[in-house]
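Next come two complexes built around subunit A: one with subunit B, the other with subunit C.
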Partner chain A sequence: MTNLQVITLVSVGAHPTSGRPRRAEQDARAVELGLRLAGEHLQVLHAGDAESEALRSYLGMGLGELGVLQQSAADDALPVLADYLSGCGAQLVLTGTQAETGEGSGMLPYLLAERLGWPLVVGLVEVEQVDHGIAQVLQALPRGQRRRLRVRLPFLASVDNAAPVARQSAFGPARRGNLEALPAAAQADPLLTAAQFQPARPRPKRLKVIKAKTGAERMKAATAKAAGGSGQVLKDVSPEAGAEAIFNLLIEEGVLR
Partner chain B sequence: MSDLIRRDPRAEWIARNRLHPLHAATQPAVASWLSAAGVLRKNPHAVGFIGPNGVKRIDRSGAQQGGAAKRSTASAVVQLPLHVIEQPAFYIAVVPDMVGGRLSAHDKDLLGLAHKLAGSDGAVVAVIFGEHKESTFDCNGVDRLLQFADDAFDGYAPEARVLALGAVERQLAPRHWLLPDSRSGGGELGRRLAAKLGERPATRVWQVADGMASGRAGAGREDLVQRAPRLILAAVECAEPVSETRHEVRPLALSEALVSHLPRIQDLGAVAVDPAQIPMAEAEFILSGGNGVKDWALFHQAAAALGATEGASRVAVDDGFMGRERQVGASGIWVTARVYVAVGISGAIQHLQGIGACDKVVAINIDPTCDMIKRADLSVIGESAAILQALIKRVAAHRQGGARDAA
Partner chain C sequence: MLNTLLPILLFAALALAVIGAAKRFLMWRRGRPAQVDWLGGLLAMPRRYMVDLHHVVARDKYIANTHVATAGGFVLAAVLAILVHGFGLQNRILGFALLGATALMFVGALFVAKRRLDPPSRLSKGPWMRLPKSLLMFSVSFFIATLPVAGVLPADFGGWFLALLLTIGVAWGVSELFFGMTWGGPMKHAFAGALHLAWHRRSERFGGGRSTGLKALNLADPKAPLGVEKPTDFTWNQLLGFDACVQCGKCEAACPAFAAGQPLNPKKLIQDMVVGLAGGTDAKFAGSPYPGKAIGEHSGGPHLPIVNLNGKALVDAETLWSCTTCRACVEECPMMIEHVDAIVDMRRHLTLEKGATPNKGAEVLDNLIATDNPGGFNPGGRLNWAADLNLPLMSDKQRVDVLFWVGDGAFDMRNQRTLRAFVKVLKAAKVDFAVLGLEERDSGDVARRLGDEATFQLLAKRNIATLARYQFKRIVTCDPHSFHVLKNEYGELGGRYQVLHHSTYMDELISGQKLNLGTHKGGSVTYHDPCYLGRYNGEYEAPRNVLNAIGIEVKEMQRSGFRSRCCGGGGGAPITDIPGKQRIPDMRMVDIKETAAELVAVGCPQCTAMLEGVVGPRPEVKDIAELVADVLIEQAPPVKAASQAAAEVL
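For the complex of A and B:
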């Protein structure tokens, strides 16, 4: 699969505690996946400031260079990325699920896919095989499950925390790597005029509201056991009949694969 | 009917009048009396009273006088007031996740938020795909139900679903679209819909108040406050679920037929994952063993046959049959499985706390009075080894049948 043309889109992340700029967790996983697929042919792209030091930690993962579409923090990354990707002949574009700074709505891969007219795979874990322009991929589902999909190239894929863990960033390659600024026509993002950012407020804890009118009802609500109550009990049945009942419930719930 | 004790003057009058034809029938059973021969006769059946659990209790302190049985009061089920919207001024569309065919807690919060946005003249439309097993749509605030029960929406079909939602948009033009910002489908479907409709959504919204939506931004260190847009992807606990009204779940149908399309992403089905690799806290299906399991080799074999993640009660862990990381309960892991099968676990309160978030609990136990049976949705009373063996056989037969079908 080394002839696959892969582009990974990266952003600058923020440390969850200190808020210091760093490589974004999911984007680093996308780079890792790209390195496994395309090796040294992987192309990594960022829309933002080419002077940003945090971008060097992506270079430290073993990249020779990183393309930066030059724009300011208040600009919209979507049009420049869409323009660049439509003309570059990529077959697979990898992104993280959600940015760690700014709005972080997670809409970028969806809007890019809509603009480019490409299919989008959410939660990519592994590309199993590619032949005749059709890729067979594994998708992560909640609760550790996986699903196999077949999708035609070119396509976009977003990567979440189920993807392989990113390799460490080495200091020497990070210094030696080249941040290459590419020209881009930046457009301002209209959101920032309409909305405002505030420091996150802690969310109110949900209280257990008891809507009891009388003292007896309040007493009952305070002392009631958390029991289902209406369970079905099979007594004096053969093991086969009991197993059949359990089996039917498992089939009905769809947990037996 | 209330629990107030009311006097019945007529019954009292009959009790005083020994010549009344109903006197004998209405007299309570007397526990002891002096017979004509002067012998004290006792009726042991008339002693005591029936307690609240249906068990006969005898109070020897003298406070309770025999025969005064508690009047049975049929506990009336409270009917919540029905909230009827005949001609809705506008619609609020909600697309619940329906994990396992039922409304999740997240879905219910979302319906509560929709109800808040709908006020008294809007109608809440729930759009669901495929079959469902939910029976409480009415108590959770669904005014209209739009169900797409086509084969095209089975499995992973986000593109078909977005097309269907586009048709809903054209017909109803809802004032707001609400989707759960969850990993089980809602977050993805909502963002696809937003890209399709060209609406900029508010994501991870945790509060909508006075027309302003507050949602987490970035990595959660900041909030983004904006005017509530048409499309809202809401986080858990975004609003209180509906609890005070009942709603008519009036079915709604689309007037236009859905156009079929060729999916660009083909679903090849679920991949078998090693259940032992899945973290216990997020495993979907857990087979848990306790003190009643004697044959642990058989237990492991059953878990492998069912494809379930293994769990254990504290006793089984203390006895060394399972690792500490497999312990379910207050001092172990709080699990969130959809189906939890407890084999030989009597259900200590610490264990029941740990499985509080489980949907369906199945108990296999030899003791019909244990607490686990009271919690379980299905209990089988019997020897666990025999039942597990029968279950392994049944699943093997099912698997073989499936393999034959596939070939």
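For the complex of A and C:
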């Protein structure tokens, strides 16, 4: 698999308690996965400021260089990344699920996959094998479950905390590594020019009522597959009937009013 | 016949010795350059040998006397033998002097031989078992060969048969003692040891001085190696120091990691460095192995990496990470070898170049970078422990007598009790003090011992910049690790302060009659010396004085003072957590229980945490500050108001 062309996209993270810039946790895991797949051929890409010192902690994982599509904080990362990726012959592009700074909407992998017209695998844990342009991968599901998927190359995959922990960043390689500014036609982010930043409100959490009475039941609740039960499998229905069913469910759940 | 053979033998052996010495010297010089006082060191060497080194050796009277007799006799005998038998100065007085010298050496050698009859496990066997025989052979052969010179026997006594015997004896003796000295035999310790004393990397240690702070890496030069990857990355006088080892195993006997069955033996480590220096395998090592690691499977060379993370090289990484940096080995070493420096040098390479700090190491280092504390706690919570104490801040006061350095124990609920107790003492003594509050950062101790010199220097430089903004006479801290780093390791980076451990400061307050103290009630008490207070900084008295002042008679452990056994909490050892057969704090608790004390007084947050982690039933663990605060009699206490308030609360 060493001849696989892998690119990992990285961002500048922020420490959860102190807010100081650092390597983003999930992006670092994406780099780790990339290093395991492609070794020293891994290409790492960032859209932003090549002077940013926090990027050096990715270099400290043993990368020779890190490409930076030069742009300002107010620019949109999506078009420059899409332009670069469509022309570079990458077969697998890895990202984190959600950035720790900026918008942090978690939309980038989806929008990027849409623009490139590539499949997107969320929660990638491992690439098991690649042959004849088809990759067999493991995807993380809740409660430690894994799903085996076969995806055609090239594809995009996002990595969450189920992926292997990132290796330590060492001072020596971080200092030696090269932050290489790549030419990029920066475009201002229309959302950022129009909208304002405000701190995110924590999402309300579903109340978790523990019904289990015994330890065994609690263990089952924690580990077993979500039973569902009230769900409904739609098979061989017309698009209209399908849409109708989804629409009704959304009204029932109070998502649409 | 002897008159022709002896000079030939003597000068041949001497010539070989000189060639060997030159070869060995060039081997050491493969190391990186080091600043030494070439001539001054050589001139100071006899004094360092007779005074400083003997001071360490003399802790064991038996071997000290044995060594004085054997080595003194040998040096004298060698010089006289060269004069008498080499240059043929067949003077009767010289002859008698030589007889005396060889007799002295013979007596010493007998005691060496006696100790080798049933040698303790710390001693190396192998060629070392041969040494007393060689010493006896040398002294006896020269004694008999000199009898005719002194006129005791006729010149042709014994005929050719005795001459032949003596020739063999002398040949054996001079092979071991002259050229064996420079060609890697057991006597190498005398040759390398003498030069090691002359060009020691911490010459401040001689003449009663103390030098324990780690030496800084030059991070400004991108070409300077970050730590030690291969033997030639050591400075040349470090390599020389390794060669000085006598394999007496005092370090092995003192090492807490070795006793706990972790894969570290300081003696073997030094011998492995000698193997690396010369090239080869460790198969010839004749002492105790690293616990759990067979001998003969590791090899290396001067230009080969010492550690191979994916296989075997000279030393395994876990050996280096087992060390608690307690300095017990350095304290015991009669050759004054610097084991801890070497271990941290090799750790630096693993952390700074390989990113291979084991277990929680990487997480702790990341936390230190991002939050200035090893636990990853929000830096804004650094003063939460004192929310109700109304502590004066340096940023408000600007100028105080005492800057109270809180340390990372601020985030630990157990240690907060100690801190609060010490604040109570400070307030009772009406000390003009203040804390840095949120401006304080980790001192960098753990980062540095884990080999992360970059993070250490980052933290240290920021702390130095913060401290430079304020005026204070002294820094006082309850943490011996911060104490050591602030006192001994910030200096090289430009921060020079007068730093005191809280026990020293309380001792001062008590002798200055600033505290009104009752007496300790409760059972007997023992005291555990923290490594970074005792061995690193020589403070053994103040904590004991404080305990005495509150009516405690310390029941000393067998291993106390400079021989105190580490709690297992230093050097990042709880973070790298290398498995062994038992835990170091458990062994220390056994030491404590042997005194039958009901309480152990400590002076270090690490020791507190480690000893309190031992399962009960066990003696209670209390910091000296807590013990003092417990017996504090506050002047003119508003008794009524206090009891009323208590009643209302109830």
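Just so we're on the same page, the second predicted complex is superposed on the first by the 196 of 257 C-alpha atoms of A that agree within 3 Å, B and C clash if a C-alpha of one lies under 4 Å from a C-alpha of the other, contacts with A are read in each partner's own complex, and residues count from 1 in each chain.
In the analysis below, contacts are C-beta pairs under 8 Å (C-beta built on N, C-alpha and C of every residue); 3 or more make two chains touch, one makes a residue touch a chain.
Quantities reported herein were computed from a predicted structural model and do not represent experimental measurements.
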Once the structures are superposed on A, label A:A113 by its partner contacts, choosing first (subunit B), second (subunit C), both or neither. first
With both structures fitted on chain A, tell me whether subunit B or subunit C touches more of subunit A's residues. B
Look at A:R206 in the shared chain and tell me whether it touches subunit B only, subunit C only, both, or neither; answer first, second, both or neither. first
First (subunit B), second (subunit C), both or neither touched by A:A245: first
Answer with first, second, both or neither: which of subunit B and subunit C does A:R20 touch in the superposed model? second
Applying the document's definition of touch, where does A:R175 land relative to subunit B and subunit C: first, second, both, or neither? second
Going by the contact definition given at the top, which residues of subunit A touch subunit B in one complex and subunit C in the other? none
Touching subunit C in the complex, subunit A uses residues 15, 17-18, 20, 22, 60-62, 167-173, 175-176
Report the residues of subunit C in contact with subunit A in the complex, numbered from low to high. 222, 226, 351-357, 361-362, 365-366, 369-372, 376-379, 452-455
Write out the stretch or stretches of subunit B touching subunit A in their complex. 3, 100, 156, 159, 183-184, 187-188, 191-192, 194-196, 200-201, 203, 206, 214, 216-227, 237, 240, 243-244, 264-273, 277-279, 282-285, 306-308, 338-339, 341, 352, 356, 359-362, 364, 368, 373-383, 386-391, 393-395, 398
Please output the residues of subunit A touching subunit B within their complex, sorted ascending. 13-14, 16, 19, 99-107, 110-111, 113-114, 119-122, 136, 138-139, 141-152, 160, 191, 194-201, 203, 206, 209, 211, 216, 225-229, 231-237, 239-240, 242-247, 249-251, 253-257
